[in-house]
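For reference, the structure I am asking about is given below.
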Amino acid sequence: KATEIRIATAANFYPTLKKIKQSYEEITKNKVTIIRGSTGKLYAQIIRGAPYDIFFSADSARVDKLVKQGKALEFVENKKSYIYATGALALWQPGADSSQQLRALLMNGEFNKLAIANPKTAPYGKASIEALKTMELYDEIKDKLVYGENISQTLQFVQSGAAELGFVARPYVNNEIHWEIDSYLHRPIRQKVVLLKQAKQIEVAKEFLQYLQSPAIRKIIISDGYIH
Amino acid sequence: MIQIKYKKQLNNFILNVDFSVPEKGISVLFGPSGSGKSSVLNLISGLDENEGDLIESKLILNNRVIDDSDNSICIKPWLRNMAYVFQDHRLFPHINTKENILFGYKRSNSDLSPEDLIEKFKIKDLLDHFPSQLSGGQKQRVAIVRALLSQPELLMLDEPLSALDYQSRQELLPYIECIHKELNIPVIYVSHDIKEVLRLADYIVVMDKGVVIDQGDISDLCITQPLLTQEEGASFILQGIISKIIKEDKLVEVDCGEKILITAENMQLKQKIRILIHAREVSLCLSKPEDSSILNCIPVLIDELQADRNGTLRVMAKMGGQIVVLLISHRSADQLKVKKGKRMYAQFKATAIIK
Amino acid sequence: MIELAPILVTLKLASFTTFILLIIGTPLAWWLSNTGSKLKVAIESVVALPLVLPPTVLGFYLLLALSPDGFIGTVWSYISDTPLSFSFTGLVIGSVIYSMPFVVQPLQASFEMVGKPLQKAAYTLGATPYDTFKNIVLPLSARGFLVAITLGFAHTVGEFGVVLMVGGNIPEVTQVLSIVIYDHVEVLEYAQAHYYSIGLLVFSFVVLYITYSLNRKLMVRI
Amino acid sequence: MIQIKYKKQLNNFILNVDFSVPEKGISVLFGPSGSGKSSVLNLISGLDENEGDLIESKLILNNRVIDDSDNSICIKPWLRNMAYVFQDHRLFPHINTKENILFGYKRSNSDLSPEDLIEKFKIKDLLDHFPSQLSGGQKQRVAIVRALLSQPELLMLDEPLSALDYQSRQELLPYIECIHKELNIPVIYVSHDIKEVLRLADYIVVMDKGVVIDQGDISDLCITQPLLTQEEGASFILQGIISKIIKEDKLVEVDCGEKILITAENMQLKQKIRILIHAREVSLCLSKPEDSSILNCIPVLIDELQADRNGTLRVMAKMGGQIVVLLISHRSADQLKVKKGKRMYAQFKATAIIK
Amino acid sequence: MIELAPILVTLKLASFTTFILLIIGTPLAWWLSNTGSKLKVAIESVVALPLVLPPTVLGFYLLLALSPDGFIGTVWSYISDTPLSFSFTGLVIGSVIYSMPFVVQPLQASFEMVGKPLQKAAYTLGATPYDTFKNIVLPLSARGFLVAITLGFAHTVGEFGVVLMVGGNIPEVTQVLSIVIYDHVEVLEYAQAHYYSIGLLVFSFVVLYITYSLNRKLMVRI
């Protein structure tokens, strides 16, 4: 019989998760429902008993908090959470000629607006600020920054032409010309997943999390542009 | 009697009325513009708003206490079963004439016939029209029918005929006269049209500046009450029995001690009748003129002479047990040497108002 | 690929919300337009308050209130066993609170504009206040109701902050069209977002057009 | 002349009027309820809405074409410079009496004095009141003042006195009479009050069911026009010069060929005067009675006998070059053998309407 | 720590938006309430349309339109050199479009309820339509304006979907209070969110209370 599990995911992982869902549903006949939202919102809902089984966070902090509050179940050998991916940043402009050109634009400050995600709410935003600071560009360009509420909004800013450049999650622009920000320029963006205490389909969920760690899936994640 | 007592702070004066009107017939509330007539009707119907300004209230209708400030009684307007034709119609704009007139009817145990009233008030052609498509007079007629059809225990009419032409008035007046007879509903009628008042009123309450300055039966007030006599002058009422009908001349002979002729139709022999005659239409002469077109010339005994306005004299004369009033100039009084106790002839035409 | 479920959920939510808002909002607006109570102004203000909070934040507080140990949730638990949060019912409650002023305010304004004189006329004809309200004030406020219904309905259709928070975006239960469109935009599936948006706009335009045309006929008659 | 021509589909009939009224004086639009009087005023003032139903229009005032459907001329209402006192007041509810009456004043080059009119119309005490705090009659007075103060080229009054009591009417009528004299504004006056009409009108347009059925000078129409004579009966107008003033009796002697006495004040010797007398107040006799209280008894020559309503006869008689009309019953006519060419005496009291 | 800048930006945005909405909305509502044009119904519908789109989605489309090669952006570039997107001006444009129906509809309804007869009376006294509108219709629609202003203002304060998208959340320029509160909720800084929310609610309550009290006095006078 087909069982349904509900997976809540941070927006940035949604495209990848959809691929995983497809291949999972092909082999198991179980049904996966994806609920996407911002990490903070999903967290607030989970705390109040939202009927989700698994939660893919965009960071590790809010997952750790859930674990601490006893809202998570163990699913692999004494572990209540698992880093399913480490995000990477990319500087992007639609139709750029080369990554070098993008780099030069940034370094020379040849732009009016640079879009990044909100450093307060989005891990990618925080990382963007760190990277800019490490490159010692932050003070120069901080007045040109515009903030997307999350990483996809940041992408839309750039896509629409409203901002010329943007620091976006690499998975979004993996197939286009972009300049990859070296991962040593910022603290790693570790994204964690948990099995929720309120899960209704614990067994199937565990099975899915197991499957997540399989080499085939790892390959999908990496090829989508995540570092790890 | 319907007992009515209200004391209330109005805009520029205190409304302070305490009067009773008979439980039968038409009582007219009469008085100049702004004297508080509409305000009284508002209080009686329970629609008054500024309760804070109300100092005292007492209203008893059919032995039912409706307002009593001493005992904190104040029946809700929709339970008073009184209909009110407002000075400004207040037809409901979103429903047509028909639905308007049936509004109160449907909410009462009225055994009246809508068709009948529709006929009488000539609004058959207007049934489908919305109020905005009616002329001023048409609205007024519809409002009266709407009020009547709710068959109230008391009907209040606030200048219901003021927007109507003579013809329509003439057609409606008899019907308004009949209301209290046929339906046995007491009517309180506000009007400033003295003709209307003289014709309709059984009882009159005269108001000025918020107080009742005079009240009583029409037959008493029509002679001397200054506000009532200011337009058409004094008038008087004679009672009699119809003693002869002269069909071809549309005249009837009325025996009121003396026999007089008046223009009238649809009367029956022996019928009791009250007629109102304007004093200014009566003249006085020493001898009975044989060659005048004036039909009535009856012997009277001069009883009293009073000064009237404009230098005229009001002469009260006796005809049998009844009083005849007439107005003459000082000049004529001198010429004719009119004085108390003198026997003379009162001369007047056949026109009179039948009450 | 166009999914039907969110469209149905949306229509259901907007209809329920508007319906409930009319049921609650009409007497409330009526009371507000007639009372001389000192509470009036305070209540008017409270009704308008949810407006100033960002929907998501309001949603957040509603989530607190609706959860089993929240204020509304506790009351609810005496009525029903099923929890409010993440249910369609919870969604309706949230939408009702959020869209309340859009219904109450136009209604109140139009009730007030109908005016006392006609009401008084109805009283003298034996109509109770309720009767008067139903047969005189209500039909004369048709214009106000139209505004209330359009604003209330459309606002519920377009709203998603509260809905997302309280409902949890669960397909076929609490996932409404606005969230679906939002999601499509978020994950850069612009084509789908466009389809839905255009569909929604065309549909809404047609519905609004019909409503306003009817209203126009109505007005001409009066 | 003000040329007025309109054809328009109304609710239940076609309004089709084509008439002219003098550019001076008061022209009364008279007719039963629903005959289209208000509709005509609406068309004249350019306020009519259902333009689709308008078939034809032509309005010329002071040689200015205001409406002309043939040439697609239709001046906007606010540029017509015509004031209109509506049947339903239409005071602005959000401003007080004072602001209401100054509304039009401020928007015109009016050189009238607001204080003066406030005084005359007795609204001084009401200046601070809002319309909802006014009585029916008070509203009506305020509406008239508001219209007057805008000093229009044409003033239209739609039953402006219908909510007023006798006293207020008496006080306002002279003022309305003066409007066209003092301000030189032509007035179109809608009324169904025949007394008012007889007193005010210089020119009369009688309407029924949307068409003009009669029009002309008051002196012609007051004798026989059925709608005008239905209430008070026929009346006639005499012209004369004041030949004596008898102050102590408040009488004046008027020379209209014969000398007659009428009650009047504030008149000057040699002043030209027009007076209106009701035919029913005149009686006929063969000899001059020496002993009657009736002041006027003048020799007349019977000219014509016409049947009137209710079996009475309308007698037209000549007094010098002027016509005297009187109503007598068939019975009296027979008794007195009234016939053309006979010399008799017309007898009437001193009361008359001074025009 | 309470920041002042977002509060100021919010008040500025809401004031500007409400002001512009009144400027645009009043003539539009007036036209709508008077015209016999066939376009009327279509325009009424178009005005109500932005309501049914989720704010973020509307924001997305606005972002496209406002960006330098978008429809509005292109027009704007003839007027001014500074781009619209991520500017306060852009924010105002977005809010105006989104809040339009909340202002236009109540205004239109109240204009319609004032009715023709009084307008006609004003015409005969020499008042032009504009004059009549200003001195008769406008004051008699006070109630409608109150509703329009409250709904318009409050809605702009509470809105953040459009604002976020069009404004880019730039501190002191386009960062409004609603976003700040939202952010605090998002990163689980509930205490701060509560402070801001309570502050906003209390402030709004006081403002609304005063407004409605004034309105009450106004109504009593009439």
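As written, the chains take the letters A, B, C, D and E, and residue 1 is the first residue of each chain.
The definition used in the following text is that contacts are C-beta pairs under 8 Å (C-beta built on N, C-alpha and C of every residue); 3 or more make two chains touch, one makes a residue touch a chain.
Keep in mind the model is a prediction, meaning the values are calculated, not measured.
Shared contacts of chain A and chain E, meaning chains that touch the two of them, come down to C. Counted as hops between touching chains, the shortest connection from chain A to chain C is 1.
Set against the Cα centre of chain B, the chain with the most distant centre is A.
Remark: chain C and chain D have CA centroids separated by 60 Å (rounded to whole angstrom).
Computed from the mean C-alpha positions, the centre of chain B lies at a distance of 56 Å from the centre of chain C. Looking at chain C, residues 56, 60, 185 sit in touch with two or more other chains.
Residues of chain A in contact with at least two other chains: 41, 44, 153, 156. Shared contact sites, meaning residues of chain B that touch two or more other chains, fall at 88. Chain pairs recorded as touching, per the definition above, are A-C, A-E, B-C, B-D, C-E, D-E. For chain B in complex with chain D, the touching residues are 11-12, 31-34, 37-39, 87-88, 125, 129, 133-138, 140-141, 158-159, 162-168, 192, 194, 227, 230-231, 248-251, 263, 280-281, 283-287, 289, 291-295, 310-311, 326, 328-333, 335-336, 338, 347, 349-351.
Note for the complex: chain A touches chain E at residues 38-41, 43-44, 62, 65, 112-113, 115, 118, 120-121, 145-149, 153, 156-157, 160-163. For chain C in complex with chain E, the touching residues are 40-42, 44-46, 48-58, 60-61, 101-102, 105-106, 108-110, 112-113, 143-144, 146-147, 150-151, 154-155, 157-161, 178-179, 181-182, 185, 193, 197, 200-201, 204-205, 208-209, 212-213, 216, 219.
Every residue of chain E that touches chain A in the complex is listed here, in rising order: 60, 63-64, 66-70, 83, 85-86, 164-165, 168-170, 179, 182-183, 185-188.
Of all residues in chain D, only 45-47, 49, 76-78, 80-84, 86, 88, 90, 92-95, 103-104, 107-108, 130, 132, 146-147, 150 touch chain E in the complex they form.
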